[in-house]
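Questions regarding the structure given below will be posed in turn.
Chain IDs A, B and C follow the sequence of writing; residue 1 opens each chain.
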Amino acid sequence: MFRRTSAWERSYITVVSKHSKVEDFGTVDRVGIEERVAKFTTRSIKKQSKLWGLNTAVSMVDLTTLEGKDTPGKVASLCQKARQPSDDSSIPPVAAICIYPSLIKEARKLLADSPIKIASVATAFPSGQSSLKVRLQEVKYAVNAGADEIDMVINRGLFLAGEYDAVQDEIAAVVEATGDATLKVILEVSELETYDNIRAASFMAMQVLRPGDFIKTSTGKASGSATLANTQVMLEAIRDFYLDTGIPIGMKPAGGIRTAKQALHYLVAVKETLGDAWLNSSRYRFGASSLLNDLLRQIHKEKSGAYQAPYYFSEAAGSY
Amino acid sequence: MSERIPVIKTPKVYVGGAFIRSESGRTFPVYDSGGQFVANVPQCTRKDLRNAVEAAAKAVPGWSRRTPYNRGQIIYRLAEMLEARADEMTGVLRQFAPAWTSAAEQEVAETVDRLVHYAGWADKYEQVLGSANPVAAPFFNFTLTEPIGVVGIIASDSAPLLGLLTQAAAAIVSGNTVVALASESAPYPAITLGEMLATSDLPGGVVNILTGYRKELIPTFATHAHIRGIDAVATGDDATALRRGAADSVKRVKVRQPDINWSSEFNESVYEIRNFIDFKTVWHPIGA
Amino acid sequence: MAVTLDPSDKDSGSKDEKKKHGHKLSVPELIFGDLWEYDPAPETADPRIRSRYDLFIGGRFVAPQAGEYFASINPATEETVTEIAVASAADVDSAYVAAQMAYETVWRTMPGRERGKYVYRIARLLQDRAREFAVAESIDGGKPIKESRDFDVPMAAAHFFYHAGWADKLAYVAPGRTVQPIGVVGQVIPWNFPLLMLAWKIAPAIAAGNCVVIKPAETTSATAMKFAELLQEAGLPDGVVNIVTGGGETGAALTGHPAARKIAFTGSTDVGKLIMRQLAERGTRMTMELGGKAANVVFEDSPIDQAVEGVVHGIFFNQGHVCCAGSRLLVQESIAESFINKLQQRMETLRVGNPLDKNTDIGAINSREQLDRICELVESGVAEGAKLYQPSCALPSRGFFYRPTLFTEVTQSHRIAREEIFGPVLSILTFRTMDEAIEKANNTMYGLSAGVWTDKGSRILRMAAELKAGVVWANTFNKFDPASPFGGYKESGFGREGGRQGLLDYVDLS
C-alpha cells in the first residue's frame, strides 16, 4: 500500500531551522486558489441560512478601533456597541473588542460583567519594529492591564530575510509572555506578498501556538489586508496542521471585510474547508469595524423585508 | 581478349537502415522501358510491412527529438547526395520510366530542389503553424506541433522519384518517420534511392522503402494501427479501402490523384507538413 | 533568547485548561455536518421553452415531413420538457438544399466584414438572453445552473464573438495561400455541452463563409432550437444555418449527404469510426473530436490543494460528461494516501442535486441510458477488484443521479482504467517515477487531454512534451477558450477547434 510519509506531510512536523525554505511547507498556485475562492462567492445563501450566517458573523466580530485619535470616550461607545449591537435582543453580542494597550483599563471597567473579550494589539503594532525586549514588555503590560487576548505582529523583516528560525523563536517568546491570554499572530500577509510565504508563515506560527490560539491575516494598517484567497491559504494550513497534530488553531481575517455579503463568503469558505467545528467565535473571528453595522442592516432587512438606511444604526459611517 | 561480364546488382529494399529481401523470399521481375528484363525486386508482404513499421516506429523518438536545425541539415545533406549522384539517378529513371533524358534530368533536379525547400522548413514551420493564444484568463497558452509518428506512403507511378520524395520530405521534416510503397510499375528508382539514403546522414528507420504490389499491401497500410497517417496516390477502390481501413484506428488519409502535377509549387508548402502533425495546446497559470 | 521547539513542549506557559486539550485530541477529523445548511436557492428565470419544436430549415421553422416528434425529458425530474421533431432523410435533404442555396446566392459572396457583423450580432443576442439559455440548458440536459450560467452560455457567446472578428481577416489564416470557404458543412454534436458545442461548430464555419446543416444530440435539442429563434432575431440570411433534430438515423442522413463538403463531428469514438467508414468512398473532408481517457498526473511537489481542486473539477465538472475529463488520476506513490484522503474530504462538500439550485455542484446524469452505462462500468470496477469510495451525500428520489465516485487499487488492465465512462467516476493509479507516469499516461488508445501538477518548471515542459494529448493542462484542468485550439491525438480524433488552427479546418486553400 501507500507509504505514509511524504514531502509535504513531513513538512508540518519539520522543525524550522536555519536551513528551512518556504517550499518545505508546500506550495500554493495563485491562479488555482483564486479560482477556488471565487466559487465560494457563487454560493447562494438565502432565508434561514442567511440569517444564521449573519448572526454567527456578528458573534465572531472583534469590534476594532485602532487609531491615534482613540479616546476613553470612543472606547466606551465601542464597548456599549459590542455588548448590545442593536436594540433587537435576539442579536448576539460580538466576540471581542480590539484596542490599543493604553485603553485596556478603561474597557475592562466597562466590560467587567460581560462575556466580551478584550483584545489588545501589542508588540510594537503595526510594524513590529522594536527590540524583542520592548515588544515582550508591551505584551506583559497589556496582559497585566486585563487583556484577554493579544494580537501580535510577526517580524516580517526577519521573515523576508529568510531567518525563519528567529521568526519562530520570537513568536514562541510572545506565547510565553501572554500567559493565560489567547494569542493571535498577525502575519501581515500583504507584506509577505506570496501565498507560499503566507502558508509557510502560518506553519511557523502554528508550530509554537497552543490549541485555541489564532493566526490572523493583517493589521489593517498596511496597503493590503484580508482577502478570501489569503484567508483560504491560512484555512488550508490550519486544516493540514490540525489533521496532522490534532491541535486546532483559530483564524482571524482582518481588514477589508466591510459588507455582510463578504462575511458570508468568508463563512462559506470556513464551512467548506474546516467544517462545522470552526463555525464559532472560539475558532473564527472577523477583525473589523464597519462590518458590524452592515451585518445588522442585513439582519433587519431579512426580518422586515425592507432595505435599511445606514443611519438607523449607531456608529454607522454612511450617514447622509 | 574476352569481353568483361558485368556484375549485376541484386536489388534490395531499404528498411531500418539495412538492405533486405522480402521475408517471403518472393520477388517480381522488372523490365526497362524497352521491355528488357532488368532484375527481380522484392515482392514485399504484409509481414515485411509490419517489420518496416516496427523499424519506423523505433526511429520516431530519436528522429523527432533531434533539433529542427539538425533535421534540416540532414535533409539538406540528402539533397547534396542526390545532386552528386544525379547522373546515376537520371540513368535509372530513363531506364525504367517512359521518359527521355531531359525529363529524367528535370525530375532529379526538381527532387533535389524540393529537398532543399523542405530542409529549410525544418526550423520554420513551427512559427508559421503554432501560436501563442490570447486567452481570456491568467494563463500562458500556446499551441505547438508534434509529429504524429509513422506515416505510410503509397507512391506515384508518374514521378517515381519526385513524387515519393515530395511525400516523404513533407512527412519527415517534422519528425515523422515513413514507410513507403514504391511505384509498382517503376520500383527501381526507389531501390537506388535507398542506396543514396543509406549514405546520407538520415538515421536508419526514418525512411523505409518497400517494393511490391499495391493490391497486396494497401489493406495492411490501411488497417495497421501504428501507422498514424497515410499519404497515398490512389483512386477508386484503393482510395476507399485506405479510408475505410483507416477508420478502425482513426487515422488520417491524404489521397492524391494519379494525374497530380508533382512539379507544381503547390506541392512545396508548409500546409503539406501540416497534414501529418498534431497540434498540442498547453495551458499554464501565470501566478506563482 | 532560547525557546524550545520540541513539539512535546508546545503548551509550555499556557494555562492548565488549555493543557488539558493539548494532545488528547486523537484522530483529528473534520466535521462537514448540518450546522449551517444552505437553503434551497433555485434559479427562477423563465427558460421560455416552447412545447414543441419543428425543424429549422431555410430560416423558418418547418414541420418534419413525416410529422414525427419525440419527447425530450428533464433528466432531473423525468418530466417532458418539450417535443422535438424527427428529421427524415428528406428533411435533411431540404436542409442541404437550403444551405447550398444560401451559400451560392448570399453567404459566399458577402464581404467578410459584413458576414462578421452577423456573427457579432449572434454573440450579443446570446449574451442578452444568457440567463434564459442557461436555465433551458440545465432543464433539458441536467447540468448544474452554476455551470450553464458561468461556463456554457458565456463561453458559447465568446466563441461567436471571437470568430466574428476573423470573418474579414481570413487572408491571415494561411500565410502564402489564398483561402476560400469550403461550401456546405454537415455537423453533428453531442449532448454534454449542447449549446457550447453548437457554438464551437457553427461560429468558425459561418465566419469562414460556409453554410451549415447541424444536428444537436437527441436528448439535448432544446437550446439549439432556441438558438434558431435567436438566429431569426439576428436576421441571419435564410439557410446559412439549418438545424435538424433526431436520432442516429437523422445523423446518418446528415453525414452521408452528397452535398456535404465537410463533416465535423464531436461524439464517441465508436460513432466517429462509423462516420469515417460511411465517408470512405466519397472521401469527404472531416474533422473528428472523439472520446478521451485523460490522465491527471500529480507529482509530490505539486501545489496540493490546487491539485485536489483540479482533480475534482477535472472529473466531476458536468457530472463527468466531458470528453477531456481527467478520469484517470496518476498520483505519485509518496503522497498517494494523503492525497486520496484530501480528495475524499473534498468530495464530502460536493452537493449533488437539483440542477437549478445555484448551490448544486453535481447535477443530473443526462439520460437513463448513460446512467445505466455508468452503473455497469462501476460494477465492473468492483468485480475486477478495485476499491470503491463514494461520499455520503443524499440523492434526490427522482431523476437520474449518481454519486461522485472514486476507485483506488486500480490497475492499467481494469475496464474502468481503459474505457471512457463519461460519468463522475475517477480511477486512481499510482506511479513512482516520471518515466513510469509518462508510460502509464500514454498507455491508452485516446489522446485528447492530460494534466500535470508539479512545482518544477522544467518538469512541466518535459511532461507537456511527452504526454501524447492534444491539450495539456499544467497546474490547472478543464480550461477552454475560443482562441485556444482544442482536439485530440490518436483515436481521440483529428482536426482542431478554436484559434487560427481551428479556422484552417474550415477553409480551402489555393
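Methods note: a contact is a pair of C-beta atoms (placed from the backbone, for glycine too) under 8 Å apart; a residue touches a chain by one contact, two chains touch by 3 or more.
A quick note: this is a predicted structure, and the numbers were derived from the prediction, not measured.
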Handout entry: Chain of greatest Cα-centre distance to subunit B
Key = A
Handout entry: Central chain (distance from its CA mean to the mean of all protein CA atoms)
Key = C
Fill in the blank from the handout: In whole angstrom, the CA-centroid distance of subunit A from subunit C equals 40
Problem - Separation of mean Cα positions, subunit B and subunit A [Å, integer] - result: 69
Practice task
For subunit A, jot down the residues that touch at least 2 other chains.
Solution key: 29, 31-32
Handout entry: Two or more partner chains touched - positions in subunit B
Key = 137, 139, 285
Problem - Junction residues of subunit C, two or more chains touched - result: 475-476
Practice task
Please name which positions on subunit C make contact with subunit A in the complex.
Solution key: 1, 3-5, 7, 10-15, 18, 21-28, 30-41, 146, 150, 300-306, 309-310, 333-338, 340, 349, 358-359, 430, 455, 475-476
Completion exercise
Residue set of subunit C touching subunit B in the complex reads 158, 174-177, 269, 272-274, 276-277, 279-281, 283, 288, 290, 460, 464-465, 469-476, 479, 481, 483-487, 489-494, 496, 499-501, 504, 509
Handout entry: In the complex, subunit B residues that touch subunit C
Key = 128-129, 131, 133-137, 139, 141, 143, 146, 148, 228, 239-241, 243-244, 246-250, 252, 255, 269-271, 274, 278-285
Exercise for the section: Spell out the part of subunit B that touches subunit A in their complex, as residue ranges. Expected result: 137-139, 285-288
Practice task
Flag every residue of subunit A that touches subunit B in the complex, lowest number first.
Solution key: 29-32, 34, 194, 196
